[in-house]
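Scroll down for the structure; my scribbles are underneath it.
Order of writing sets the chain letters: A, B, C and D. Residues in each chain are counted from 1.
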Amino acid sequence: MKTKLTIIPRYAETDQMGIIHHSVYPIWYECGRTAFCKDLGMPYHEMEKKGVALAVINVNVNYKYPAFYGDELTIYTWISSCTKIRVEFGYEIYNQNNELINYGSTMHAWVNDKLRPVNIVKIAPEIYEFLLKTKE
Amino acid sequence: MKTKLTIIPRYAETDQMGIIHHSVYPIWYECGRTAFCKDLGMPYHEMEKKGVALAVINVNVNYKYPAFYGDELTIYTWISSCTKIRVEFGYEIYNQNNELINYGSTMHAWVNDKLRPVNIVKIAPEIYEFLLKTKE
Amino acid sequence: MKTKLTIIPRYAETDQMGIIHHSVYPIWYECGRTAFCKDLGMPYHEMEKKGVALAVINVNVNYKYPAFYGDELTIYTWISSCTKIRVEFGYEIYNQNNELINYGSTMHAWVNDKLRPVNIVKIAPEIYEFLLKTKE
Amino acid sequence: MKTKLTIIPRYAETDQMGIIHHSVYPIWYECGRTAFCKDLGMPYHEMEKKGVALAVINVNVNYKYPAFYGDELTIYTWISSCTKIRVEFGYEIYNQNNELINYGSTMHAWVNDKLRPVNIVKIAPEIYEFLLKTKE
């Protein structure tokens, strides 16, 4: 399963090079994750209410081509790896000309509401089952 | 009492007009408030630990002249009004040429950790006394 | 003419009070303006290519009720005043329960690509005509 | 040469997990680069005026421990690799307890003001010489 989300770059996200600032992409990746969990029928804010969260432990972003204010972008988000303690997401961003402009990954650890690492299978096995299915 | 804080504009804060984006100023005002409370000997994160916070109910910002990456700015922050339920802060920002480039105000309501309005005199009179003194 | 735009709050836009940080609203207002200009058939990035821009000279934001991650918001944007040298926009934001949570205004001056104030009627009368019509 | 810069986390940079949001670190890295170039006697905004810039092509961030509002952080920035077409920076962030909380790298390509890749030795050899010296 890959989730597709349209991103309209914001003027506030541009910088004085005339392009979207590189720090914005991790935020767009996060928008991709939000859309992914919603598509899955398991909105992230509801996971948080159950007392589990995905703490970010690595972000890796590759910039091939800039994005501009006025563009209409598409971000694809998927789970590339999922264990009892970690989840990795993959991302690709295309512009309106269908050019791949950016790709990357984020690695997350399952944590409880005290930010302590947890084994998701013990805490919320139904979430783990849900995520595994997206890899089929 | 007025608190003086140096602000170095960040590249990420510029936009494609080549200036600092207007949405950054409320964040700088907040940095001014953080410095103000610290100067007062009552850091804001310690106020929050006591269960009281200042919820923003109005922001008013006036832009006279742009700020640029490479500038060194100074923000002055003070309390312009303080009651049992509300606090108003005032701000002025100057550039390295001592030009007033921006000024404004923020209005806040005292709230508890459930975001419910509270009378600060009943909840934490020592904080109220502290803030009143800054007006002398 | 009022433009309606859906806003999905981003996790990155939350703060440790558990709500959307107040500095995000001026950015959402800007998203509203972008959508407004697009609806008008005159995208803002094309106005900029013609050498005219709207420099922000005042932002005024009123916070009635917080927004949360997981909400689905609607922002309405319109022109409340338009002269040869200035444009004022108005905004209202509603949550999924149709509660008005935030409203405000931004005042802008017409400037050229050197950020110098200009009379829009002299520089680009077709833009002025366009904007005036939205008030009907 | 390593540049040391103090970072005071901003309230706006927190999220509803009660920690600094992960998207803020690339911005802090950039603050580190700004301080690095300034320490070098070659402010980045002056490099841009000469028509050269460092376009970001990769960002890699590792999160070991969260940062909090109320912390006082120190970021160290250095050049880990420098060729005629690329520059890599390294970063480490420590908290007030001298714990390493975050580390990472950014890879940049030299570009001109049209964002086209350039050979820095041909365009601005003095900048290249400057950067090489920092590795001694």
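In this section, contacts are C-beta pairs under 8 Å (C-beta built on N, C-alpha and C of every residue); 3 or more make two chains touch, one makes a residue touch a chain.
What you see is a predicted model; the values in this text were computed from it and never measured.
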item	value
Pair joined by more contacting C-beta pairs (C-D or A-C)	A-C
Centroid-based (C-alpha) most distant chain relative to chain A	B
Between chain A and chain C, centroid-to-centroid distance (C-alpha), Å	28
Distance between the centres, which are taken as Cα means, of chain C and chain B, whole angstrom	24
Between chain C and chain D, centroid-to-centroid distance (C-alpha), Å	33
Numbers and ranges of chain A residues touching at least 2 other chains	11-12, 16, 19, 23, 27, 30, 69
Of chain D, residues touching chain A in the complex	16-17, 19, 22-23, 25-27, 30, 48, 53, 55-64, 66, 115
Footprint of chain B on chain D - complex, ascending	8, 10-12, 27, 30-31, 34, 43-46, 68-70
Contacting residues of chain A [partner chain B, same complex]	11-12, 14-16, 18-19, 21, 23, 69
